[in-house]
Each structure stands twice: as structure tokens, then as C-alpha cells.
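Going by the order they are written in, the chains are A, B, C, D, E and F; count residues from 1 in each one.
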Amino acid sequence: MKHKATLISVMTEKVFEEEVIEVLLQEGAKGYTIFEGGGNGPFHMHQSGHISVADEFRIVKIEVIVLDSEVADGIATRLMEECLTDRPGIVSLSEVDIFRAQKF
Amino acid sequence: MKHKATLISVMTEKVFEEEVIEVLLQEGAKGYTIFEGGGNGPFHMHQSGHISVADEFRIVKIEVIVLDSEVADGIATRLMEECLTDRPGIVSLSEVDIFRAQKF
Amino acid sequence: MKHKATLISVMTEKVFEEEVIEVLLQEGAKGYTIFEGGGNGPFHMHQSGHISVADEFRIVKIEVIVLDSEVADGIATRLMEECLTDRPGIVSLSEVDIFRAQKF
Amino acid sequence: MDAILSFFELFLKGLQTPTLGFLLGGMLMAAMGSRLTIPDQVYKFIVFVLLMKIGLRGGMEIRNANLEELLLPALFAVLTGVIIVYLGKILLAKLPGINVVDAIATAGLFGAVSASTFAAGMLHLDDIGMEYEAWVSALYPFMDIPALVLAIVLGRLAIEKSGSKEEGASLKKKRKPVSINEIVKESLQGSALSALILGLILGLFTQPEPVYESFYLPLFRGFLSILMIIMGIEAWQRLSELRRVAHWYAVYAVIAPLLHGGIAFGLGAIAHHMTGFSPGGVVLLAILASSSSDISGPPTLRAGIPSANPSAYIGSSTSIGTPICIAIGIPLFTELATIVF
Amino acid sequence: MDAILSFFELFLKGLQTPTLGFLLGGMLMAAMGSRLTIPDQVYKFIVFVLLMKIGLRGGMEIRNANLEELLLPALFAVLTGVIIVYLGKILLAKLPGINVVDAIATAGLFGAVSASTFAAGMLHLDDIGMEYEAWVSALYPFMDIPALVLAIVLGRLAIEKSGSKEEGASLKKKRKPVSINEIVKESLQGSALSALILGLILGLFTQPEPVYESFYLPLFRGFLSILMIIMGIEAWQRLSELRRVAHWYAVYAVIAPLLHGGIAFGLGAIAHHMTGFSPGGVVLLAILASSSSDISGPPTLRAGIPSANPSAYIGSSTSIGTPICIAIGIPLFTELATIVF
Amino acid sequence: MDAILSFFELFLKGLQTPTLGFLLGGMLMAAMGSRLTIPDQVYKFIVFVLLMKIGLRGGMEIRNANLEELLLPALFAVLTGVIIVYLGKILLAKLPGINVVDAIATAGLFGAVSASTFAAGMLHLDDIGMEYEAWVSALYPFMDIPALVLAIVLGRLAIEKSGSKEEGASLKKKRKPVSINEIVKESLQGSALSALILGLILGLFTQPEPVYESFYLPLFRGFLSILMIIMGIEAWQRLSELRRVAHWYAVYAVIAPLLHGGIAFGLGAIAHHMTGFSPGGVVLLAILASSSSDISGPPTLRAGIPSANPSAYIGSSTSIGTPICIAIGIPLFTELATIVF
């Protein structure tokens, strides 16, 4: 059985990862996945490159799937306001279909 | 020329990666991409952290794009039933546009 | 405030990363994110595996979000024509919602 | 009484040996919330070098060894692995709040062998000058593989029996049946056993003395010290997982290393009297038994019994079993050997 | 005049020492567009081993040291850290095109300490045979932490004062207030200080001599040479970032290492006369001050003052501050000590 | 006849040398399906240290060398690189089922140089005490770069000629034309050549003796042994790719290392008679030619001729060319030198 759900993707620096996850768990996300990468954005520079003497500056992408699109909006709004206002980072939402809705 | 296609994303532990790929190839996927990450989900704990004495417990995301949405549903259903029933993992589907349809 | 935007995902080998980014910046993308992974596709073989004596053969995924879907189409078309014609790589587009439109 | 005193003395002195000291240091750092980490790739390389060193030395020395002597200790190694799993199944599974499948997986991990602990044991014997047979490192797979195979087979049988009725039907059709051959092969192909076997082969058939003397031997002590720090950090971090499962796992994890080591020590002593198995060999057999697998065991079990809870088996083994084995097991069995033999 | 000549001679000879040579070599490679990189994980491991080595030696020697002697130098270390930050705030923030928050963050990084530069300084003193107290490495946190804490506190106050009015309101409700305890704890838990402290503890309480002699000591020189290459590459690559910010940062970064080292040298000289602090100790105190943090400092500042521009502070420190400190600071303060004391 | 016998003896003994033994050991492990891997970052670090060691020693010894002697061998190195590519193009491209672009890329890789094989050759000569000129390692780029540049130029010309008509038009407008300067620069900036050049510069202009003796030299043999294991694993794993392309690649890959080495040996012998090029130097020139690039070559070719099939060129080189060169080439050319000179 397929169910509609919303995927929230947060890109930010590793050093802010913990705060983002705290918000996610507070808002009731049952799971999340994190990937490390590099990137460049309009807010200051970022470590995209090879050597990274300051590893914490790397970009991470945190993906969370939630069932309810309003919960997703709420999470995204809180993240934008609390974690990313004066910091590097973007949040995007997209629609996905998932299975076994009880897991989300 | 843009074409509609379906992106299947599978998150599971590395140790189950091989089985997932076997199913994908059996179902006719012409390509796939794998990313390593960390995560947490409702099924047991996972290695999200830094040190990972048991590397195989890491989370991987396997992405496959297929043209036909019914093929996508079929793959997703087989994965849920065969690979992920009593194991950690989630599957999600989303719509994408791709180019050069003959590659998929 | 949510805004509609388009996420462009490019999968190709690391060795072609620079060229792709050059195109993105020329077309006005304000940011991008890169993830390393492994993969297999219909165009030759790829390094998906563990040991990688030729690291540059690894697969990278480059994600760019742009506001205007026509800009996205333009980027995708240029990438297909200039960077990926006789090379490994796929491009996909999908719809996302983003916040703080001025950043994109 | 004297023996006990002498053991406590040894234990206090042991706290000062780098091996145990570095393990405790790692735990302390993690306990204080330190962000100190050793990169995963370095960890893998260190383990590889340690196992190659053990294998190479074994291989070079085996050339002149009488391999018939290996038979009885190898048999006892298999026996120990099997006993540990059955014992664990019987003891653990009876305890309240413990799922039989998790119990079996945990027993499997304790039956399997830790390369790092084994390396620490060898260095200890080398340092105090207690000798052992050249082929002792070859006993490793004889205990490791039977324990893992048996645990997976028993685990799968337990699942089938108790099995989730609704899904059972569809699953049975699709899941491959348990193949012992497959599991043995998988175990032998794991990175730890592979490195050991590669070292043994290269030691046996090539002339690696120059590279052994200039590289593998001098790095051994240093790499082991770093491995101990890693294991200490890991031990502390896994404690939080252990807290999520039944407390009886912690009790088991305290007793098991000493009990298992004791059983192997007893069997080793029999071999000592029957075929002249060296006291150092007996100690190392006991350490093999006392240790629990930290590298290859967990993923093998994860793949073999996916529904078993890794928080239970990894938590018990890494957080408690291994520190107990290193802090108490190693000095205890060494001391025992000097008293008994 | 003689002193200047002798310093130039020393500097030319210094160019030939591996430490500086390897740093310049790394810069040269990066300048030529080389794709040479040392993997990040190897870098972390190298730093870990260097700091463990310094810590272990400190710990082993401290056992017989008179720790009261540490008091005054430790106090001076704190003082230096604090002075550097205030000085930087006053000097830098006044300059055109420089944001006060960025100025404070930059001063914080220059007040904090570079483990790699410190290691290079120690090797230099060991090579020329200038002695220093066993506990000198323990001064590191006394300068590092106050500088970072002060910078973060001042930075946050500056933001609140100048603060973006529109967002200010909603933010103030949600952001936690500055907690000095938190920042100190965070600093101590960072990977560099943790490794140093772990080494000190293990050196003090265990008997790590065998592993120190067989592993940490022999690898020191080689690992440092590789670290210098990495730092050289990094220095060059960060130059492009520095170009994006006000030129005054570059001016500051040239002067600061010598100025800060000079201040600490002066305070060290006072300690020399009051409590007999060794000339080598004075040099190392000056090097601590002269260096700017490259491992733990940047992420600590990033988390503490997210709106400060890392291109400014990392660029100044890594691209200019550190090379100046190694190329000029280390030989200068050493030479000064041989002349003055 | 005697020579053949003596070569076979040497070959059998060679099987026991760690270098070849470890290579075969790696292949064996991979053949048995082992999951043994050496982390990629460790591999890169090992290669870096080996090349730095070779470079440093070269640099230190070149200081007193007569560099004019280098001219003729350098010329012959260039010549060999060029001959190999043309020869490969002519031989391979004629064979059935082989695309001309793939043929050129493969020839380019065999014309280029393997740092790891070169290191193995040097260690072999050092072990048997055959001397060579200090500047021999500087010959590396003289063979490597011309081969890669020529292959890319020829490859692109071939594509343009045969070129896919439909896309050709749009492509030609957008793709930059072949720039030889660019390709040379790219090659020199690659990680392998960069490390070698950095070592040469540091050896020449600084005094790296202490760090060379304490770090780079002692690690050389051990790191090479691990590199051989990696190359063995890789060789076996790539075989499956080779199976997907025409069998003639395998035939080429068996013959090429010996043929190319022979050509270079002949040219080296001329230099021996004309300018006194040492027998050891001749052997190393032959090994450079016999080897095929494994680190920088593949990505350079991939970027330069993206439509060439890497399964063909990497498969031939890594799976067959390199093992043949190490197992047969190195002992063969060494033996030849002792007979001929």
C-alpha cells in the first residue's frame, strides 16, 4: 500500500547538524538519514573540496520523511527560524510515496 | 526531450545492499546509484555516528530511476516483501523528469 | 513562505564534475551540493565498489535548486549536450518547495 | 589466598600496562563527552596490520612446526565455540525480557573471537616471556566459525518456529534456506579472517622476514595501543544502547568472558597433559574463548539473523564483554597458567 | 646588528630545515595547481599521533616535576590569550571594511593555539638541544580556551548590540544565552585538546615507555613533515578566500604572530626571572601565542558565532598567520632566547 | 640455455620475494571472494609516502650528480613513451573487435608509468645491490607525459575523423580543441607526479636526511608490501571487466610489458655504451617502459578521451600488464643486465 508523504531535505554545515536533529525529534520525526557532501552557496564560502582541515565545515544533507504535509511545513518553518536564520543552510520539501505508513 | 520517470529511493543497511541490487537488476533496472550515510529509524538502532567499528551497519541509499511507474511499484513491492520485511529499511517513490529515455 | 522550485540532479563521474559546475555557475545557479557515491549505468562500467585505485571514476551527484523551471530546463539541456553526450551521466528534474526565495 | 593476592597485584600492575591503560583512557575520553575519534579507515588499516603481523609470524614459524600437535587444540577450539553458543542459548534465553533470537545472536558473538583482544593477549605473553606454539593463531577460525555458524542456524530455526505467522508464508517461499556452507564461506571471506589467513600463507610460502622485521613487528605495539583507545571509546558509546535492552545482558556480559575462558582453559589443560600443549598456548586458547568478536562477527550476524537486535549483542560484547576480557581475563588466565602448570 | 644578521642566517638555514621546507613545498605544489592531497582521515590520524606523543612525554616527565612552577606560566598563558583577543578586537575592528564580529572571531583564532605549530616548535627545540619544562605542553589549554571563550562571548554580545532588528525578537526567545561553562566544556572535548589530555593522563598514570619509544617517538618527525605539507597546501588554497575579504586581514595576519609571540615572550621572561621558567619554556610560550588554531578553533568559532565569516578568520590564520609563525616566529623567538637569557 | 635456466631459477626465487608474493597473495584473496580491503585513503597515503621517499632520495643524491648524463636517457624515455603508443595503435587497432579509440587509450596507459611498479623495481635493485644513477627517478615524467599526451591527441583525432556525424556538429562548436599544453600541465599536476616532484625538490633544496632516515626509508618496504596486496586484489577484480571486452586485449597485455621493456632496455644499452648509463639505470628504464600507469594515467585518459572504454584499458593494464611486469619483467630485465653488461 502506497501512501503520500513529504520528504524534507535540509542542507547545512555539519557543525549545525545536532541542532537540526534535535528539532526533528522534538517535532516527532521517527527517523532521518544523513549524508555528507560538499557544496557552495550564497552564504559565505563552504568546504567543497578535497582537503578539509576543518571537517565540521562540510555540508550535510539531512533527509526526513513525514506523513503529514502540515507537520512537514511546521518542521521546515521551525528549522528556518531557529537553526538557519543567520547560518548557512537551505530546506526543501517534496512529495514522495512511501510504504508501511506505520513506520513514519 | 523530457520524459516522466519514477525515482525509487531505498534506505537500508549496507549489509543488505547486495540483495537489494539483485532485485533491481532482476526487475530490469539499467542503472542505480548508491550513497553512504548514517541514520536512525524506528527499527533498532543504526550507526549514524563517527566511529563505526561495524562499518556494514552504515546506512546506504540506493537510487534507481525507471521509466514506467508500474515497474517502479513492482520493484518497491518486491523490495518491501523480500528484502525489508524483518529488516531495517524504507522505500520511497517520487516523480522526476529525465532526458534520453533510451538509457532507462 | 514556500515557493515552487526545481531540483536538478546530475549523476556523473567525478572527473567531469568541474565541467558540470562551470555550466551551472554560467547559468546563474547560486549554490549547489555534491555527494560522492558509487553506481552502475548502461554507459561502460563504473567504480561502485570498495577499493578504488582510480578514485576519479567515482560517481558524484550534483544537486542544484533553481527557482525558475525554464532555467532548470535550460541547464539540463546544456548539460546533456555539452557535458554528457559521449560520457557517462544522467540528469533528472523534480519539483520541490523551498523557503527564502532570495537565496536561489 | 596467595593466588588471589598475587592476582590483585597483577591487576593493579595491569592497569598501568599500556594495553589496559589505553583501553580505559579511551573509555574515559568518551565518558567525558570528548569528540576524539580515530577515522574508520585508519581503524581498518590498523586491524589489518595487526592481523598480518600475527599471521606472518605464525606462518614463518609453522614452517618447522609439528602440525599434528595442532589437532587436539583445534578440536577443543571448535568444542569451546559450540559449547559457548549452546550455553548462552540456555542461560540467556531463560532470563526475563530476553528474546530467544537475541539471546542466540549474543551467544554467537561471545563464542566468536576478537582479533584485537587476541593481539593484546599475544603482546602480553611476549612481554612477560611466556612462550606458545607457532600455530596458535591458526586456532582462531576453529573457534570463530563454528560459533557464528551455529548461532545463525539456531537463530533461523528459532525464527521459523516462533515465526511471525502472517508473513511467514510469503517469506518462506522467497528466502533461501540456511546453508551452512554459505555461512562458513562468508566467515572465511570476512576481512579479519582474510587478513590472518593471508599473513599465514605469506609467512609460510614467501620469505617475508625483512618486511616483517622492518614494518609489521615495530608497528605492532603502537597500533595496538591505538586500537585499545578506539575500543575504549566504542565501549563507552555502546553503553547507551545496552541500556535500551534487558539488564540481564549486562550480567551475562560480565560473567561470560570469565566462564568461557575458564572452560577453554580447562580443555587446554587437558591438551597440555595429553599432547604437551604449552602453557602459553592454553592461555591464548582461553583468551580466544573469553573474547567476543568485534570486527567480523557483528556484520555476519546482522546478515545472518537480521531480526536479532544489534543493540543487544553488540552492546553486551563491546561495552562489557571486551573490557572485562582485557582487564580481568588476560591477567587472570596468565596468572592461572603460572600457578597451575 | 649582529643579532639581525644572525637571525637572517638562521632564517636562511631555517628554509632548509625540513619543517619549513615541507611547508613551503606544500604551498609550492598548491600554487602550481597540483592535485596532490593527503586524505583527511590520514591528516586526523597524524594530528592525533603528534598530540599523543607530546602528551605522553609530558605526562611521563611530569611525574617527577614540581608542578607549582607551572602556576605563573599558566597564568601568563591565560593572560596572553585574553590580551590577544581584546587587542585584536580593538585593532582590527577599527579598520575600514571590517565587521566587528568578524574581527572578534579572527582575534579569537589567533589567540587560540595550533597543535601542529606547537609540535614544530618542540621538534625545533629538541633538534637544537634547548631544554624546557616537562609540563610545558600543559600550558596549551590555558591559552587556547580563554581566547576562544572570550571571542565567542564578545562576538555574541556584539551581535546582540548591533543585531539585525527584524529577526532579533524571534531569535532572542529561542536561542540559548551564552554559557561560558558550555564553551569551556566544548573546547576541552574537541579532538585536539582531547588527544593531548589523553596523552598526558596515560603518560602520568600508566607505563607507556615501550610504546612511546617504539611508536610515537619515531613517527613524530615524519608525521610532522607530512602535516607541514598539508598545512602548506591548505595555506595556499585559502588565499583565494582571503582575497574575498578586506585586505586589512592580511596585514593583521602578518603582524599578529610576531606581536603576540613578543607579548608572550615578555611575560615568559618575567616568569624566567621570578620562578626560573626555562628559556626553552619561554620560547614555547611565545610559539603558543604566535600560533593560531587550525584544528579545533575554526569549528568552535563556527558553532559559537555562526554569522562570523570563516573566509576572514580561517583565511587570515591558515594562509598567512601560520606560515609567518613557522617561518619567522619559531626561529625568531629561539634566537631571541639565546641572546636574551 | 644457461641464461634461461638461471632466469627460471630467479623466477622461482622471485615468487618467494615479498613483493611478488604479496601481489599474488592479494590476487589469491580476491579470487577466493575475500572481503579484505585496504581503505582508499590509506592506499593514497601509502603511494604518497613511497613517491616522496623515491623523490627525496633522488633529490638528495642529485645534488652531487652530473646532470648532463641525464640527457640521453631522458631522450630515450620520451622516445620509448612515443614508440609504445604508436606501436599499440598499430598493433591493437588492427585486431578484430577492437575500437581504434580504445586501442589508443590502452596503448597510452601502457606507455605511461606505474609508480608502484617502479618502487618495486627500485627495492629489488637495492636488495640485490645493483646500483643506479641518483637521477633515475627523474626519468619517470619523461616517459609518462609524452605517452599520455600523445594518446589523448591521437584519440581525439580518431574520434573527430570517425566521429558520430549527428552530434559532431553541435559538439565541435562547444568542445575546446585539444591543447597539448593543457594535457602536459594536467599530467604534471596529477597526484603521483606531484608527490615525486615535491620529493625531488625537497631532497634537492632542504636537508631532509633526518626525516628521510627516520620515516620515509624505514616505511618503504612495509608500505610497498601493502601496496602489492592492494594491486593484487585490484588485478583480480578487474579481470571481470576484461572479460567484457575483446580477448585480444589480454593477449596484448601479456606481450606488451615484455616488448616495451625490451625496447627500453635496448635504448638503455645504447646509452650505456655512449655515456656510461649504469646497468641498474638501464634496468629501471626498462621497468618504467614495462609498467603501465595505475594511479594518474586512468583519470587523465578518462578526462581526455571520455568515450574510450575504461574496462578495456584499465582491465588490460591492472589485471594483466602489471602482474606480468612485476612477476616476469622485473626479474627478467635484472637478469638480462647481469648477463649483458
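Structure notes:
Here is the rule we use: contacts are C-beta pairs under 8 Å (C-beta built on N, C-alpha and C of every residue); 3 or more make two chains touch, one makes a residue touch a chain.
Source: prediction; values computed, not measured.
Note on connectivity: the fewest chain-to-chain touch steps from chain C to chain E number 2.
On superposing C-alpha atoms, the copy chain A sits rotated by 120° relative to chain B, to the nearest 5. Most remote from chain B, judged by the distance between CA-atom centroids, is E. Compared with chain C, the chain whose C-alpha mean position is the greatest distance off is D. Rounded to whole angstrom units, the spacing between the C-alpha centres of chain B and chain F is 39. Distance from the chain E centre to the chain F centre is 42 Å, each centre being the mean of its Cα atoms.
Between the CA-based centres of chain A and chain E the separation comes to 34 Å, rounded to the whole angstrom.
Annotation: 19 Å between the Cα-based centres of chain B and chain C. The residues of chain E that reach two or more other chains are 37-42, 44, 218-219, listed in rising order.
Multi-chain contact residues of chain B (touching two or more other chains) are listed as 35-36, 94-95. Chain pairs that touch one another: A-B, A-C, A-E, B-C, B-D, C-F, D-E, D-F, E-F. Residue ranges of chain D in contact with chain B, taken from their complex: 35, 37-38, 40, 43-44, 164, 167, 170-171, 174-175, 230-231, 233-234, 237, 241, 244, 294-295, 298-299, 302-303, 306-307, 309-311, 314, 318.
By the touch rule above, chain A contacts chain B in their complex via residues 2, 5, 7, 30-36, 65, 94-100, 103-104.
Within the complex, the chain F residues that touch chain E are 39-42, 44-45, 48, 185, 188-191, 194-195, 197-198, 201-202, 205-208, 210-211, 214-216, 218-219. Within the complex formed with chain F, the residues of chain E that make contact are 15-18, 21-22, 25-26, 28-29, 32-42, 127, 218-219, 221-223, 225, 229. Residue ranges on chain A touching chain E, taken from their complex, read 13, 15-16, 44-45, 49-57, 81-82, 85-87.
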